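Listed below are the structures to be examined.
One chain, chain A, links the two complexes that follow: it is found with chain B in the first and with chain C in the second.
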Partner chain A sequence: MIKVVSVTKTYTTGTDKITPIKNFNLRVNEGETVILQGSSGSGKTTLLNMIAGLIKPTEGSVEVAGRNVSKLPEHFAAEFRRETAGMIFQQFHLIEELTAGENIALPLAPSSLSRQEISDRVNMLTEKLLIKNIIDVPAGKLSGGEMQRTAIARALVNSPSIILADEPTANLDGTLTEELLNIFRSLKSEGKTIIIATHDPVISGSDIADKIIHLNKEV
Partner chain B sequence: MGLLIPEVFIILLTDLLGILLLLYTAPAAYKILRMWDIDSSSPLQYELEKKRLLTSVIVKFIFLLKIPLFLFFIYTNDKLSNVLTGAMCATGSLNATPYGMSLLLLKIVNIFLMSVWLTIYQSSNTSEKLPAAKKQYSLLLFITLLSIIEGGAGLLNFANLDPTAVVSCCSSIYSSTTEGGSFLMSIKPFTAFLVFIMFSVLYITSLLMRNPKATASLAVVFFMTGIANLILFTSTYIYQLPSHKCPFCILQKEYYYIGYLFYISLFLSASSGLNLFFYKTITGAYSRKLHFTAIIFGILFMFLSVLYPFRYFLINNQWL
Partner chain C sequence: MNFKLLDFALHSLVRRKGRYPFIYITFTLLIAVSLSIFTITGALKQEAQYSLNNLPDIIVQKISGGRQQYIKKQLAEDIIMLPGVISAVPRIWGFYPFEYLNTNLTIVGVDIYDPYVTETLAKITKDISPLKFNRNIFLGEKLHEIIRQIYNKDEFSFQMPDGTYKTLEIAGTFQTSSQMISTDTVITDMLSAAEILGIPAGFSTDIAVNSANSQEISTIAEKILNISPSLKVVTKDFIKASYQNMFDYKGGIFLLFFITSLFTFFMIIFDRLNGPSGGELKEIAILKALGWGTSDILKVKLYEASVIGLFSYLTAICLSLIYVYVLHAPGLKDVFMGYSYLKPSFSLPFVFDIRVVVTVFLITVPVYGSAVIIPAWRAASTSAEVIR
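Right, the complex of A and B next:
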């Protein structure tokens, strides 16, 4: 279960203060799929980052699976992300010098899996996402849609119980979007908790959403 | 007058820098001490958690630098003996002003406290609740205070160095015949050796039995009896002169700088032994790293302390 309680996030740059998330509450039960909507700058990415323990709120708390993620020191937050949360970033954050396959396998590096097990997992996911052919291509050379699917595969490779997806279809065409929806459906049937931030009406209008949350831009 | 000697200048400058950085962290330390509440999700608590991270990194850096700087302090005092009339080694330099010996003791206490701080910081980080944050910062404030006193004592000490005055050195200070011969000098050398061996064995035994509480107190005793034995007994065998008792001449080239090995191993062992206790108290776990450091360097120090007398005996077939 994910519990966001009275969370406020203020960014301070110089003398400017922006508060995209203000006194926000959200509860996502295990196995639920929630869609976050809202205009650009309304704080969708900010909220996902806080749930992933990547940034800390200014006030309030974020609890994931009984752990107070907003309080985790960096070392523990990294471990939490590795073990519990799979994050698909809006900007992908792939390592350009590594191949797509190496990028996907990255979250498994600290685990005790054998090379064979790791490559089995990578193969299985790339097959599902139709990017098996680009496994050995450096990530910097991939097309937008391929990067996106590489980022998706990386988020899923350690079978996290929570999946946080930030605009996962922004670079995908109609067919690939449908393909991704199928992946989300099967993840959902496996009982995963999913939060998707998206502008894409295909996703928000689909059958996967249990809840749709609108974030309003603070002025 | 001594202030312009390059080495002294470096010591005072790094001391000052350390003090300034510690003072910079002091307001955060004070706030953490007063208002830290890990269960709170208030903006203040998040602010303090950020401050803890920042100040801890700064302080860790200062301490990791200051601990080895102690050796430089000793080295400088040894070097200063060249310009002080009557001084043969650091003993003379340290006794050239009324502040020298207190400064030395203060520095020793402070580096032990810094090692404890580093352990508390490290062990606090092993739990996501940061259980020792308040302890960490109360100790930090105390160390800051000591560092300021230490800096002042250093300034006084080096400013009062008078190259024209004749100072007394180890031959008179570490001899039982001078008036005011201290308590230390009234102990029989062989007694000091036996006491040292006895406590070393107890210390190592407590380590082998993994009893951090006993180890911590014995580590302090091990350190003190180790130094006492070095001055009264072992050093005479290094110099091969029964009347030459000195903890500092062994740092010189004539004795292959062996003193540094003595002091480094003694400090590493005693501080690890002491810190085992703090690590255990905070994390509930027994640190293998500290355990082995304490044992290996403890045995090395013991071995060195025994080696010189025995070597002398084997060569000369008699004790000093």
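Right, the complex of A and C next:
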């Protein structure tokens, strides 16, 4: 379960202060799929980053699976991300010079898993996502759809219980968006908790959403 | 050690083809130059040491009006009477301008009837043909080659102060362990040397004094000074110190250049890594989002810096050894030795000073490592919000 309690996040730039999220509450049950909707600057990405333990709230707390991630020291927050959360970014953010397989394996490099175990996981995922044929292709040479699947495989390689996706369809055409929705459906059926930040009506209007949350831009 | 992170670091070095070769080459050259300077200084000091070991314990000169004058040979008889002195020999030597090469030859006159001199000459020369009175000379090999090229015969004509010429045959060349000093030296008998240099009869250039006990040198020097206020004594230790200072001074100048270059290099490195390196910042942010901790990112950077630093260092050691001992330090040796047409052709003695190797390592590799890791640490600590 994810509990976001009275969270406020304020960014300070020089003398300017921006508060994209103010006194925000959210509860996501295990296995639920939640869509975060809102205009640019409404704090969707900030909220995802706080749930992932990448940034800490200015006020309030974020609890994931019984752990207060907003209080975790940096080292444990990284470990938490590695073991619990998988992130999918708007622009995929693959490392272009690495192959698709190496990109997928990246989250496991600091782990204690052996090379063979990592290789097995990568093979299993590339088979599942139908990208086994591109495993040795540099990410910079992949098509949009292949990049998307590679990025998803990378988010899943650590077998996370939570998937956090930030505008995952922003760079995809209709066909690829539908493919992605099918992957999300499959993940949902496996019992994964999924939080998707999007303002794509195709996603928010689909059957995968258990809950749609609107975030308003704070002034 | 996490070999998967090491793998990633090595990959990273290969991936950034434009960046790391630049750092590797610059860093290698910088270390190689500094090691070469230190190695040449050390080798030349040792080379000088070989030469200076043959010096007399004390050299006595006559000074008048602040300038060195010829000294009466008779004074040697007073000096030999001093307790502790085992020999006091008047020496005839001086400089002969050799305009063809725009340099000065050092003319040294020796007592050809002294068995010790004959024996010494036999040891330090090759193509031996005994030095004969008023007939011939010994000289450095390089000078011999040049004279052969100029005159096409084994003799040399010296112009004396009265304008007349004195022609002497070349009896042989030196093969001393050090050619640093002997390369522009011409040895002949005392009378010929005095004639060439214009030294009046009964006078010598200076007097070489040797003592029975090195502990007594300073006492003997004091007693010599008491003979006449116009005398000046120069001890072997003083000359050795002068040579050491000369090389240290030249080495110091290069050290200054080296430190300046080093500082500039690290400013460039620091600037490159500390500046808005978008690609790297983004990569760090991605890795953090994927579950890498700051410590994992720093480990990768440490591996990268270690690989670059150590490889640069090892390459630099090899390059400096090749430059100094195989190529004989072209360029730098001239700076330390002075420019001359009669460049000594000796090989630098091999000197491996572990202190120099460790010092250069400590002032380069760890500093480079810090210049890589500190900006990476800053980026890893603040990059969480860079990507979306």
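One rule holds in what follows: the second predicted complex is superposed on the first by the 187 of 219 C-alpha atoms of A that agree within 3 Å, B and C clash if a C-alpha of one lies under 4 Å from a C-alpha of the other, contacts with A are read in each partner's own complex, and residues count from 1 in each chain.
Simple rule for what comes next: contacts are C-beta pairs under 8 Å (C-beta built on N, C-alpha and C of every residue); 3 or more make two chains touch, one makes a residue touch a chain.
Keep in mind that what you see is a predicted model, and the values were worked out from it rather than measured.
Asker: First (chain B), second (chain C), both or neither: which does A:Glu59 touch?
Answerer: Touch partner of A:Glu59: chain B, not chain C.
Asker: So in the superposed three-chain picture, is A:His75 touching just chain B, just chain C, both, or none of them (first/second/both/neither)?
Answerer: After superposition on chain A, A:His75 lies in contact with both partners, chain B and chain C.
Asker: Report for A:Thr33: first if it touches chain B alone, second if chain C alone, otherwise both or neither.
Answerer: After superposition on chain A, A:Thr33 lies in contact with neither partner.
Asker: Mind working out whether A:Ser42 is in touch with chain B, chain C, both or neither, as first, second, both or neither?
Answerer: So A:Ser42 meets neither chain B nor chain C here.
Asker: With the touch criterion stated at the top, can you tell me which chain A residues are shared between the chain B interface and the chain C interface?
Answerer: 74-75
Asker: Quick check: in the complex, which residue numbers of chain B touch chain A?
Answerer: Of all residues in chain B, those touching chain A are 38, 41-43, 46, 49-50, 53, 125, 128, 130.
Asker: For chain C, which residues are in contact with chain A within the complex?
Answerer: On the chain C side, the touching residues are 2, 4-5, 7-8, 11, 15, 282-283, 286-296, 381, 384-385, 387-388.
Asker: What part of chain A is in contact with chain B in the complex they form?
Answerer: Contacts found on chain A: 5-6, 8, 56-61, 67, 70-76.
Asker: Would you pull the chain A residues touching chain C in the complex into a rising list?
Answerer: 45, 49, 52, 54-55, 74-75, 77-79, 81-83, 85, 87, 89-91, 93, 95, 97-98, 102, 106-110, 115, 118, 154, 158, 166-167
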